[in-house]
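Input: structures, listed below.
The two complexes that follow have chain A in common; it is paired with chain B in the first and with chain C in the second.
Right, the complex of A and B next:
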C-alpha cells in the first residue's frame, strides 16, 4: 500500500500542480489583460482584443494612459478618500463587532439570544433595500462642528463610514469564533482576577488573529467597492471614492486605455491588503467553515 | 490562609437541581477532596467556590465573610483546571505571571515571584517556552505555578491530574502533597478517582446527586462508611455486600445471618429500637482472610478467578447463593481456580447497613 502511494506521488503532485496552475491562470487573465491594456492606445487595445496579443505587452507601449487618467480625474484624491474611509471603517468594525461578539458569547444578559437573532437576520437584507430610508435619515442627522450645530451628514466622510461599522455578518463571524475558544481559558482568566475588559483585551483578542483578518478583509472589500451609497451621499468631488470616480471616464467617449490605467491603479491597495492578510484569512476560513 | 463555610448551599440550572442543601466546613490549611461519580455536582460546587457559578440559595463564607455575590477576583482563590487552561499565546513566564500582571504588581516583584514559583515546580528552564512546546505534565505545572504566584488564600483544583498518564499522575500527586505542606494553604480538590481522594485528603467529602453523603478523614470513610453508597464508592476493589437478616439481641447488639454465613453478633449500628429486619453486611476485600478450615469459616465457596497483581492477589469466590465475593490475599498464598476455600474476617471490621 505504502509503496503504491509513494510510486504514485510524483504523478499525483504533477496533476495537482497542473490543476492549480490552470486555476491560477484563469484568475490571472483579467488582471493581466487590464495591466497590459492600460499600456496601449485605444485603437491598438481594441484591435488586439480578439487575439492573444491582448495579453502581451507588444506594439505601442507607453504610460500615456496613466498620465491622461490623472488629467481627467483627481485619481490620487479618490484613492486617498477610499483608503481613508475603508481604513477607518475596517478598524472601527474590528473594535465594535469584536466587542459585540464578546458580549454575545461570554456575558450573560437578558434578551441576548433574541437580540443576536435579530442582528443575524439583518445580513440577509440587501443594502439596496434600505438605501433610501438610510439616505433620509442621513439628511436629518445633527452634527456639532466648528460652526455649531448643523443638520444633515451629506458630503462628508462620516456618512460613508458610520452605516457600515457594525454589521450582522462581522458580529456573526466573531460570535462563531469566540464560541470555539476553550471556555476554560476565559474562566481561568476570570479566576486569576481579570475583569471582563481584561479578558477581552489580554486573552480573547490575542487569540483572535484569524477572525480579525477575515472580518477585516471582508469589510475592506465591501468598503473599497462601495458605489451606490457614496454616489447618493457624496455629491461633492472632494469626498468621492474610487468607484464613483470611475464615472469620470465614461462621461464623454469611453477611453478604454485610461479606464484600464485607472483600474490598475485602484487595484493596487486591494492586492496589497490581501497579500498581507491572506495567510490569516485562509486559516480562518478553514477553521470556522465560513466562506468569505 | 482561609476557612470556607458552605451553608445550606443550593444550585439549580433551570428546573434541574444539581446541588442540594450542602453544608461543608473547611478549616484553615486543610486539604479537602470532593469525590463522587460524574454528574454528582462536585465540579459545580468547586466552581461555586471560585465564583464561576452563581449560588441559587444558601450562603458561602470565606474567612467568615459572605462571598455569594463577589466576583472571582475578589475572593482570593486560585483555580487549576482539568485541561490546564494555560494561555497559548503567552510564554510560560507570562502565563505564570498573568494574575500578577492583572493585579498590577510591580515588575521586579513579579519577576521574583514567578522565579520562586518556577523553582518550587522545577521548571525554571522552561520559562521562555510556549505552551505548545510543553508536555502535559509540564503544562499542568504551569497551571499550578499560575495559582502559586498569587499567594491565594484558597487553591481550587478541578480534576487536575485526569489528563495525565498513570506514572505522571502518581508523581504529580506526591508533588501536590508536598506543595500543600510547603505552602500550608487551604486546598479544595475535585476528583472522581477515589485513590486520589484517599491519598491527598485531610478530609474527604463524598457527593452523590448533589448531596453530601459523608464527610470524614480518608481512613474513617474506608473503615466506617456512613451508607451503602460511600461503602461501595470508596475502596478498591469495592466492598463486598451480603444480604442478611437482622435480629436484635439487646439494645446494643444484633445478630446477623443468612444461609451462607454463620450467625454473627455485631454492635447495633442503628442505635436504639429501630432495628431493620433486612440488611447488607459489608466486608472489604482487604479484611477477608483465607482459611483452609472450611467448616469453621464465616463464608465458603469456590475460587473462580485468581488475579495476581504482584504485591497481592485478588480472588473471586463464588459462594453458595451464586453471588461473588472478592478477597485480597497475600501474594505468597498458593490458590487456584476451582479450589474450595473458607473466608473469615474480624467482626469489628464488618459494617452493617439497612437494606435500601
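Right, the complex of A and C next:
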C-alpha cells in the first residue's frame, strides 16, 4: 500500500505542477502580450494579434515605441506624480487607519459601535456618487502657501491625496486583524504601565505586518489606478497621473505600439510593489479573509 | 555711473513687470494632448497672438481628447472653466444650452468661405468655429472595381441603393474577401451616429425630427427608418459586412490587408490607405439610398466660455486663429480637411489635384450636421445601441420604437432642451 502511494507521488506532483504551470501561463499571457507588442510596429502588432505570433518576439522588433512614447507624452512626469501621490497616500492611510482601527478595537468610548457601523457603511458608496460634491468642496477649501491664503485645491497633489487617506475598507481590515491579536498581550502591557500610544506603537504595530501589507497593497492599487478624480481636479499637465496620461495615446489614429510601451512602463512600479509585499499580503489574506 | 545704471535697470524691470501685470491672462483649453503636431500649431498661434498685441496673454493647456468632454463638464461644475475652449461640433449645442458658452462676436465676413460643417450655430447664433472638418468616404480600390466591372460613382452620380447592393453581392460571390464592405462596427462611441446615421438619412429617416427637435417619432421609426433598418440588418444576415463583434484589429488593418474590398472610413485614415495602395486607392462619395447622399459633418471647433472675464480678448484670439496659414498648418499637422479652399490650396494633401482634395468636395457637397440639439448627447447614444442591436439580429421595429421612446423621454425630462 505504501509502495503504491510512493509510486504515484511523482506523477501526482507532475500533474499538479502542470496544472499550476498552465494557470500561471494563462495569467502571464496578457503581460507577455503587452511586453511583446510594445516592441512591434502598429501594423504588425495588429496583424499578429489574431495568432500565436502575438506572444512571440518575431518580425520587426525594436524599442522605437518606447522612444516615441517619451516623445508623445511626459511619461516620467506621470510616473513620478503617480508614485508620489500613491506613496504619500499609502503611508498616511497606514497611520490614520491603523490608529482608527486601534481605537475601535481596544478603547472603550461612547458611540464606538455606531461610528464603526457608519464607517463600514461607506463601503457601499461608489466613489462616483460622491465625486461631484467632493469637487465642489475642493474648489472652496482654503490653503496657505508662499503667496498667502488662497481658495481652492484644484491642480495640486494634496487634492489627489487627502480624500483617500481614510477609508472604510482599510479601517475594517485593521479592526478585523486587531480583534484576533491575543488580548493578554494588551492587558499585560497596560498592567506594566504602558500608555495606549505605547501599546499601539510597541505591541500592536510590530505584530501587524500582514495587515499593514494588505492595506498598503490595496491602497496602492486604488491610488495608482486613479483616473476619474485626477481627471476632474488636475487640469494642469504637471499634476496628471499615469492613468490620465494613458489617454494621450488614444488619438484619432491610436498609437497601439506606444500604448503597449507606456503600459509596460507604468506596470513596473505595481509589480515591484507587489513582489516586495506579496508574502505578508498572502498571510494577511489568510487571516482576514479579504481578497484583493 | 553705477547709480545711474542701477536706476535704469530698475526702471526697465519695473516697466517689464508693469507691462506683464497690465496684461490680462486668457486661458485656452484644447483637446489634443499627445498630438505633438497639433499642439505645435496651437502654440505657434498663441505665440503669434501674444506677440501681436500687449493687452492679453493667452496661455494654452492641452487635454487628452478621449476624456476631454468629462474634464470640461467637471470644470464647469467646479466653476473653473477657461476663457476659450475646444468643443466637438455636435456637443456644442449642449454646452451652449447648459450656459457654458457665449455667442461668438467675430467678423462674419472672415468665415463666409468656411465649410458649413465648421460653423457651430445654435439657436440662430454662432457659438463655435472650426479650422478643419472631417469627412467619411467609401474607401475602394480602382483595380477591384474594374475587375468586378463595378461603375465608379461620382458626386453627381453616386451609387443607387440597387447598384450598391449589387456591387456588394458581386464581390461577395467572388469569394475573394472575408466581407465585401466594412462599416467599422468595432468602433464604439460616436462613430455610429457620426458615420452611420447618414445612411439612415439617405433613406429619408433621421435620429430626431429636425422640424421641432421635440420628438424622434416618425423620424427614427417611420416608414423610411424601418426600410433602412431592414436593409441594415440584411447586410449582416447576408454576411456582406462584419457586425458589432468585429475584432478592432480587423477594423484597423482589414481593408489594407485585403480582407474587405470596401471600407466606410474617415478622412483621417486616408493617408494610411494612400501609403498602402498609391494610385489604386479611391475615396468614393456616399451612395444615394433614396433620399440623397449624405455624410456626417462638424469636427472640433473653438468657443468662448461664459466664465471668461476677458471676453473681448478671447474673441480677438478666436478671430486671430481664422487665418489661412493657420488653417493650412493644422491640416498639414493632423491631416484633416482645411476649412477654406484657399487654405486647402496651401496644403500638400488637399490642394487641387492632391490625393485628398476629393474630401474637400465631399464635405462641401454631401456633409450634413448631426442633429443640432443639446439632446444629441443622449439621442446619439440611443441610436448607437439601437443600430448595434439591429445588426445583432434584434427586431427592427421593436428596436427603433424603443429608441424613440428613450429619446422622447429624455427630451421630455429636459423640457425640450430649449427648442
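One rule holds for everything that comes next: the second predicted complex is superposed on the first by the 283 of 292 C-alpha atoms of A that agree within 3 Å, B and C clash if a C-alpha of one lies under 4 Å from a C-alpha of the other, contacts with A are read in each partner's own complex, and residues count from 1 in each chain.
Going forward, a contact is a pair of C-beta atoms (placed from the backbone, for glycine too) under 8 Å apart; a residue touches a chain by one contact, two chains touch by 3 or more.
None of these values were measured; they are calculated from a predicted model.
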{"item": "Simultaneous placement of chain C and chain B on chain A, clash or fit", "value": "fit"}
{"item": "Chain B versus chain C as contact partner of A:249, first or second or both or neither", "value": "second"}
{"item": "Which superposed partner A:191 touches (first chain B, second chain C, both, neither)", "value": "first"}
{"item": "Partner chain(s) touched by A:47 [first = chain B, second = chain C, both, neither]", "value": "second"}
{"item": "Touched partner set for A:182, first chain B, second chain C, both or neither", "value": "first"}
{"item": "Partner chain(s) touched by A:201 [first = chain B, second = chain C, both, neither]", "value": "neither"}
{"item": "Contacts of A:231 with chain B and chain C, given as first, second, both or neither", "value": "second"}
{"item": "Partner with the higher number of touched chain A residues, chain C or chain B", "value": "C"}
{"item": "Partner chain in contact with A:274 - chain B first, chain C second, else both or neither", "value": "neither"}
{"item": "Distance in angstrom between the closest Cα atoms of chain C and chain B, superposition on A", "value": "50"}
{"item": "Residues of chain A that lie at the interface with chain B and also at the interface with chain C", "value": "none"}
{"item": "Residues of chain A that touch chain B when the two form their complex", "value": "182, 184-185, 187-195, 198, 202-203, 206-207"}
{"item": "Interfacial residue positions of chain B with respect to chain A in the complex", "value": "47, 50-52, 71-73, 77-79, 81-89, 98-99, 101-103, 143, 146, 150, 156"}
{"item": "Interface residues, chain C side, partner chain A - complex", "value": "29, 32-36, 61-67, 70-71, 74-75, 77-80, 247, 249, 252-253, 256-257, 266, 268-269, 272, 334"}
{"item": "Interfacial residue positions of chain A with respect to chain C in the complex", "value": "42-43, 46-47, 49-50, 71-73, 132, 135-136, 138-139, 152, 154, 231-233, 235-237, 244, 247-253, 256"}
